[in-house]
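Next come two complexes built around chain A: one with chain B, the other with chain C.
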Partner chain A sequence: MAEVALTARTPLDGYAGTFGGVTLVEAAGLSLVSAAVPNGGGDAFAAALAEGFGASRPSTGESVPGDRLGARILGMQPDQMFILFEAPDPDRAAEAVSSALGPAAYVTDQSDSWAMLRIEGRGVRAALERICMLDLDDAAFPQGRVARTVMEHLAVIILRDGADSFLLMTPRSSARSFLHAVELSLANVSE
Partner chain B sequence: MNGPFRLDGGLIDRARALAFRFDGRPLTGHPGDTLASALLANGVRLVGRSFKYHRPRGIFTAGSEEPNALVELRSGALREPNTRATVAELFDGLEASSQNHRGSLRRDLLAVNDLIAPFLSAGFYYKTFMWPKSFWERVYEPAIRASAGLGRLSGEADPDCYDKGFLHCDLLVIGAGPAGLAAALAAGRSGARVILADEDFVMGGRLNAETHEVNGRSGADWCAEAVGELASMDRVRLLLRTTVTGAWDHGIYGALERRTDHLAGSGGKPRQILWRIYSKRAVLAAGATERPIAFGGNDRPGIMLAGAVRAYANRFAVGAGRHVGLFTNNDDGWRTAADLARKGVPVAAVIDARDQEPVAEVPGARIVMGGRVTATRGRHGLRGVTLATGERLALDCLAVSGGWSPNVHLTCHHGGRPVWRDGIAAFVPGDGLPGGMSVAGAAGGSFTTAAALAEGHGAAVEALDGLGLSAAAGEPPGASDESVEVSPFWHVAESRGRAWLDLQNDVTVKDVVQAHSEGFRSVEHLKRYTTLGMATDQGKTANVAALAIMAGQTGNSIAETGTTMFRPPYTPVPVAAFAGRSRGREFRPTRLTPSHDWAEARGAVFVEAGLWLRAQWFPRPGETRWRQSVDREVQQTRGSVGICDVTTLGKIDIQGRDAGEFLNRIYANGFATLAVGKVRYGLMLREDGIAYDDGTTARLGENHFVMTTTTVNAVLVFRNMEFARQCLWPGLDVHLISVTEQWAQFAVAGPNSRALLRKVVDPEHDISNEAFPFMACGEVGVCGGTPARLFRISFSGELAYEIAVPARYGEALMEALMAAGGEFGAVAYGTEALGVMRIEKGHAAANELNGQTTARMLGMQRMVSKKKDCIGNILSERPEMNREGGLEMMGFRPVDRSEPLAAGAHFLAPGREAVTENDEGWMTSVAWSPELGHSIGLGFIRNGHARIGETVRAWDGVRGRDVAVEIVSAHFLDPDGERLRG
Partner chain C sequence: MLIDHPLLGPRDAQEFVVLGDAGLIDRPDRQAGDAARRFHEYLHLRNNPAGEHRELWFHEQGDRSWLVVTRDTLTHEILRVELARDVAVARGRDR
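Entry: the complex of A and B
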C-alpha cells in the first residue's frame, strides 16, 4: 500500500492572465463526459437526458443548459454529446453520467483529455480572429454555439458561453502550445 | 524645408518634416509622401540600375506596378531589398539605398554590361557559357547572379514578427477608388458586413491623383468624407495598406496587411498580417494600370507614365520636371498637361501619336499631332528627345501614356482568360471569374469617374440582392464622364536605339522580335524565353505592348495572341508573411507526456516522435555516452524493474452492442470471442492486405473495449475506424472516442514489476499470477482509491504491466511508482531502451511495419483468420504475398561478435555482386544487446526460417560496410515466453 495519495495536476497549472481588457484563465474543476447515443436509441436518450439532467437534446453545434450540477450539454456530432458539469466526485465523473442516463448512452470520461481556457472581455474576437477560422459574429456564432475547429494546427472545441466569453478546449498534451498561441494572439492585438 | 520640386496643394502634411536618407544623403519629405515622391521633390531622379545592362533608371510610376525604382529599405538585419519606392510610405529616419550596382550609383562599374548588350540578348544564357561544362555552376552562374539582379538579403534572421488571421464578410470590396468606395457605401448603408481593402495608405485611388469632381466637390474631399462615413459603420471594416493578393476557392481571398512598414519600428507587434478573408460576394474594383509606348531610349530617368506625373503633381504636390513633355495616344494623357499647367509646371511639348485635332489648348506648349519620339538623350536623366521629324526638344521629364490596362488579375485566378476590347485597346475580364466576384469601374474597362461610381454602386446592390439582403442604398454619387478616347499605338517603328518594353527585366522590342524569329511564339514561351513580365512587377506595365509586338510579328490580332496567365499573388508577398508566427520551435505544436516535467527535471534527453517529445534515455552522473545510459536502463529493467511513460500510444474507447463484431472486421484476428477482463494482440491490414498497425485491445465490458495503436498511427487508425463505422457498416452499433489524452499510461516491466505494483495498487485487488495472469486487464484503484486500469502486457519480454490513471494524476503516479520501486532499484527508461528490449524480444515496430509488409512476412499469417472477414482479408491472399520462400522476418547476429550492425543494410549471398538482382532482403532494426553482449538485428530475408544458421553479408553501400551475419530466430531472448508468464 502506497504511503501517499496521488495529487492531481491541471494541464495549465491554473494559468490566469490579463491582456488589456481580456482575461485568459484556465477553467479548472469542470468534468467533461461524452455520451454516445446507441443506434436506434434516440428517444430513450432524449428521455434520459431530460430525466437525468433536465436538458433537451441539442443538435450538433448547439449547447443547452441542464438544471442540475451546472450541466451544459454540447452537441458534438449526430450521435455524440459532451456533458460539461460539476461532478460531485471528479474521479467518478463518468459513473455520475452513467447513473443519470442509465443504458441510454455509452459514456466515456473526457475530463482529462481536454485542457480548458476561458477567454473573456471586449476585444476577445480581435484576438481570436488571429487563430480561429470560424466566424464568431453574433449572427453566425450566437451564445451557446459550440464547434470543433482547428487553431494553430491544434484541435479545439470552442463554446460561446457569454456575450464576450468563449470556452476553448484543446488536447491536454499540447495545451502549452495552445496557450502560447492564444497568449501571442492577445499580445499581438493589445494596444 | 521643402524640396526644390515641391508644388502647392496635395495630400501632404507640410506642418511636419520627415528626415530620411537615400544612399546616405540626408533629405526631407512630409507625411503623405512616398519615398518616390519625396525623392522627386528633392530632385533625385536616378534611383537604381537596371537588371541586366545596369542602365540608369528612375521612378516610372506612382503605384505598385513600379518596375524600376526598386530600393533597399532599412539596414542591418532589417534590410529589405527590392522594395518599390513608389509604395514605400515615408517615415522619419527612413534609410533607403539604391541597389544593383558595383561602385556608386552614378559610376556603376557594371554599366560595362550595357556595352556588351548585343551578347546579352533574350535567352543568352541558354546559348552562351556552355563550355567548359563544369564552369556553369562554379564560374558562370555565380558571376551572372552577382552582376544581374536585384537587391541583397541581409543574410540574418528577420527580427520582425508576422501574423495571420481570418476575416468574414458579406461583401469584400477590393480597391477603394471611386468604384470601390461607391460599392462599400452602398453595401455599408444597407447594413451588410463589408470589408474594404486598399493597397494604398490613403483611400480614394485615382480620385486623389486627379482633379475630377464627385457630387460637385473635389474627388479627394469626397473620398475623405466617404471614408469617414464608412469608418463610422460597425459592420464595415476598412483595411488600409492591404493588398488582396489572390482569389481562392469559395469566396476566400488572401490579403496582406502591412501594419508597421510605414513606421520606424514595429514595437514588437506583427509587422504584416496575412489575412484569409471569407466573403459571400466580392467586388473587384482594382482600377487600371497605365502602360507606356516603346520608343528609342525610353528608359531614362525622367521618362514616366503620364498618370504618375499627374499623381505626383496633384496628390504629392511634386513637379516631376521643369520642362515637361507629353507623349500620348489618348485623350486621358492630355489631362497631365492640363493639370501641370494648372499647377504652374511648364509644359514644353505635347506629342500625340494620333493625326487629329489637338484635344485641348496647352498654353506655352509645342503641340505635335501625329508625332513620334524616336530617341532620347541624357546620361543620368533625361535632357531631351528627338522626334521622327528630326526636331529636338529640351525636356527633363517626358510623361508617356499608351492607354490604360484594367487590373484584371484577380479575375484570372480561377483560370479565367481576359478578352480584348477594341474600344479601349485593352484586355477586360472574360468568363470564368471566381464565384461570387463581380467587377466594377476601371478594372472592368469603364474608365470614367461617373461609370466607376455607378458600376461600384450597382455591383454592391446586385451582390446584396443575391444574398437576400435588402439594399437601402439610394443613388450612386454623381460625376461627369471624362473623355478617354484612345487609338492603339505601341511602338515607334522609326526608333533609334533600343526601345524598352519591360524595364524591370531589360526586355526590348528587339528581344520580342528575336524570340519570335527563334520560334518562341506562344505568349507563355515568350515570357520564359525573354523573362518579360517576370519578377516583382510581373510585367504590369509591360505585357500588353509586348503582346502587341508579338501580334505584329505573327500577323495575328492581339485578341488572338492572348495574354499570359495571371496567378497569385497580385503583388509580392514576403515569405515571412506566409510563415506568419510559425517560426523555429513554433513551427508546429509540441505534445508533452504527463511525466514530461518529471523527466526533464531528471535530465532526460528527448526525441521527437511526431509532435510528441518522448524521453529517449535518462543520463545519470558519470554517463558520458548515450549507450551507457541505455545499457543500464535495459539491464536494470531485465534485472529488476523499469518504468516507461507509454502515454503516447493511441487509445481508442470502443463501445456498442456490435463492438466485438466491429473489431472482428477491423483486425485480421478475431476479437468477438475475447473474454471480459482480457487483452489480445491485434494486427490490422490495409484494404490491399498489407499490415499497417498493431497493438493490444482490452475488453473492459461486454460492450466496451479499449484499443491501443502505435504512436504514429493513432490518428490514422481512428480515422479509418470512423470511416468504417460511418460509411462501411452504419448498421453496427459502435461508438468511438479517443482517450489517448485521457489516460496517463506507464509500462512497468521486469521481474520485480509485480512486487512494485503490489505497493501501489490498492490491496483489495488481487494481482497475483493466478488472479491476474498474462493478458489480464481490469479496473483497479491505486494509492488509496484513485481509479486506474491495469493491463498485464509486455513489449519487453519481461513480466510486465501497463498501468493507466486519469492524466491529471500521471505525474504523481510516475513519482509514486519510482518511490515504490526504490527498494528494487527501479529505473525510468526511455524509448531507446524500449527499442533495444523489443528488438531482443523480436517484436515488430514501425521499422518493420513500413507499408510493404505482409502478415506472412511478419510470421503472423495464421493470425489472418479465415473464419471471418476483415478489411484486407481477400487481398492478403494474393499469390505473391503468400509465395513460398518469400521474405520472412528473422534475427541476425554478426559472425564476428565485435562488429556493429546497421539498419538499412541489404543481404547478399557471400561472393555475390552488390546489384539489385542479388538482393535477398534488408536489415530493419539493430541494437546493441546488453544481455547478449553484441549487436543484433531484425530484418527481412528470403526464405529465412529455412536458412537459420546460414551466413550472409549485410552490405551497406551508404556507409561502406560489409559484415558477415548469421541468420537466427528473431526471438533473441526467452523464445518460449517464460518470463512474461511468470
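Entry: the complex of A and C
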C-alpha cells in the first residue's frame, strides 16, 4: 500500500500582510479549549483553575494569564471560559486541559473551529474601529480585555493582548470573508 | 439602539435577538389540573401595552446571556436591563 503523508493546513494558509505600520498575521500554534462550569459547581471550578493553572476565575469580558503552557483564560460568558494555550500535542489539547482541571469542568476542544489573526502596530485601532462596534479605547477595552462580538456580520472573539495588538478569532468556515473585511479596512486607513 | 448589558456594559442591538414577552419565564406546571388552559394562555395570549413592556432578549453574538429588557414601546427608551437568570431566581425558580 502506498505511503500517504498528510500535511496539516492552517485555516488561512499562514496568511501574513503588512499595511502601512500595521501587520496582520495568522496566529498558528495556539490551541483553544472551552471549559464550562457544571451547574452549581462554581466553587469546585475556581479551585480547579487555581490548582491547574494558578489563575483566578475571570469574570465575563476579562482574561487572566495561567502559570503553565503559556495559557490565558478568557471569560466568555458567565459559566464558560476559553483556555488559549500552547498544547504540547495539539491533537490532544482537550486532554491537556482535562488533566489540569479534573472533573470540575466540561471541556471541549475548539481549536480547529477557529481561525486566529493577530493585528498589530500603531494605528491598529483606526482600522478596527471601522468594522468593530465595541469601544476599543484604552479605558473601555484595556489589555487583557476580551469580548465576543460581530464584525461585518461575522462572529468574532477579540482579545487585546498588547497596547497596539489584538488577537481576532473567527469561525474557520467564514475565515476568508472575515480576512477580506479586515484587509479592506486596513487598506482604507493606510493611505 | 444600545442595550446596557448588566455584565458587559452598552452593546449594540445587532448583537441581540429578541424573543418576546418576558412572561415566557413563567412556564405553567404541566401536572396542574388546568394545565391545558394555562398552556393555551401561556402560548397564545399576550398583552400588547402601549408603554412599559418587559421582553426577553438573547445576547447571541456576545456572552449568550438571556436578558429581561424593560422598554417603553412608545418612546423606545430602555428603562431597565436585568439578567433573566436573576429574574427567574427571584421568582422562585432554581435557575
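In this text, the second predicted complex is superposed on the first by the 186 of 191 C-alpha atoms of A that agree within 3 Å, B and C clash if a C-alpha of one lies under 4 Å from a C-alpha of the other, contacts with A are read in each partner's own complex, and residues count from 1 in each chain.
We take it that a residue touches a chain if its C-beta (ideal position, glycine included) is under 8 Å from a C-beta of that chain, and two chains touch if they have at least 3 such contacts.
Everything quoted here is computed from the prediction, not taken from an experiment.
Engineer: Per the contact definition in the header, classify A:A16: touching chain B only (first), chain C only (second), both, or neither.
Structural biologist: So A:A16 meets neither chain B nor chain C here.
Engineer: Touching A:A147, do we find chain B (first), chain C (second), both, or neither?
Structural biologist: Once the two structures are laid over each other on A, A:A147 reaches chain C alone.
Engineer: Counting only touches as set out at the top, which of chain B and chain C does A:N39 meet: first, second, both, neither?
Structural biologist: both
Engineer: Touch test for A:M133: chain B only (first), chain C only (second), both, or neither?
Structural biologist: In the superposed model, A:M133 contacts both chain B and chain C.
Engineer: More residues of chain A are touched by which chain, chain B or chain C?
Structural biologist: B
Engineer: After the superposition on A, what does A:S59 contact: first (chain B), second (chain C), both or neither?
Structural biologist: After superposing on A, A:S59 lies in contact with chain C but is clear of chain B.
Engineer: Can A:A163 be said to touch chain B (first), chain C (second), both, or neither?
Structural biologist: neither
Engineer: Which positions of chain A sit in both the chain B and the chain C interface?
Structural biologist: 39, 80, 133-134, 140.
Engineer: Applying the document's contact rule, which stretches of chain C touch chain A when the two form their complex?
Structural biologist: Interface residues on chain C, with respect to chain A: 7-9, 11-12, 14-15, 61-65, 85, 95.
Engineer: Quick one: in the complex, what on chain A touches chain C?
Structural biologist: 39, 59-61, 76-78, 80, 133-134, 140, 147-150, 155
Engineer: Within the complex, which stretch of chain B touches chain A?
Structural biologist: Going through chain B, the ones touching chain A are 161, 163-168, 193, 269-270, 273, 276, 278, 581, 586, 588-593, 611-612, 647, 653, 655-657, 703-704, 731-733, 735, 737-743, 759-760, 762-763, 782-787, 805-813, 816, 819-820.
Engineer: Would you mind writing out the residues of chain A in touch with chain B in their complex?
Structural biologist: Counting only chain A, the residues touching chain B are 1-11, 34, 36, 38-40, 79-80, 91-92, 106, 108-114, 129-135, 137, 140, 152-154, 171-174, 176-178, 180-181, 184-185, 188.
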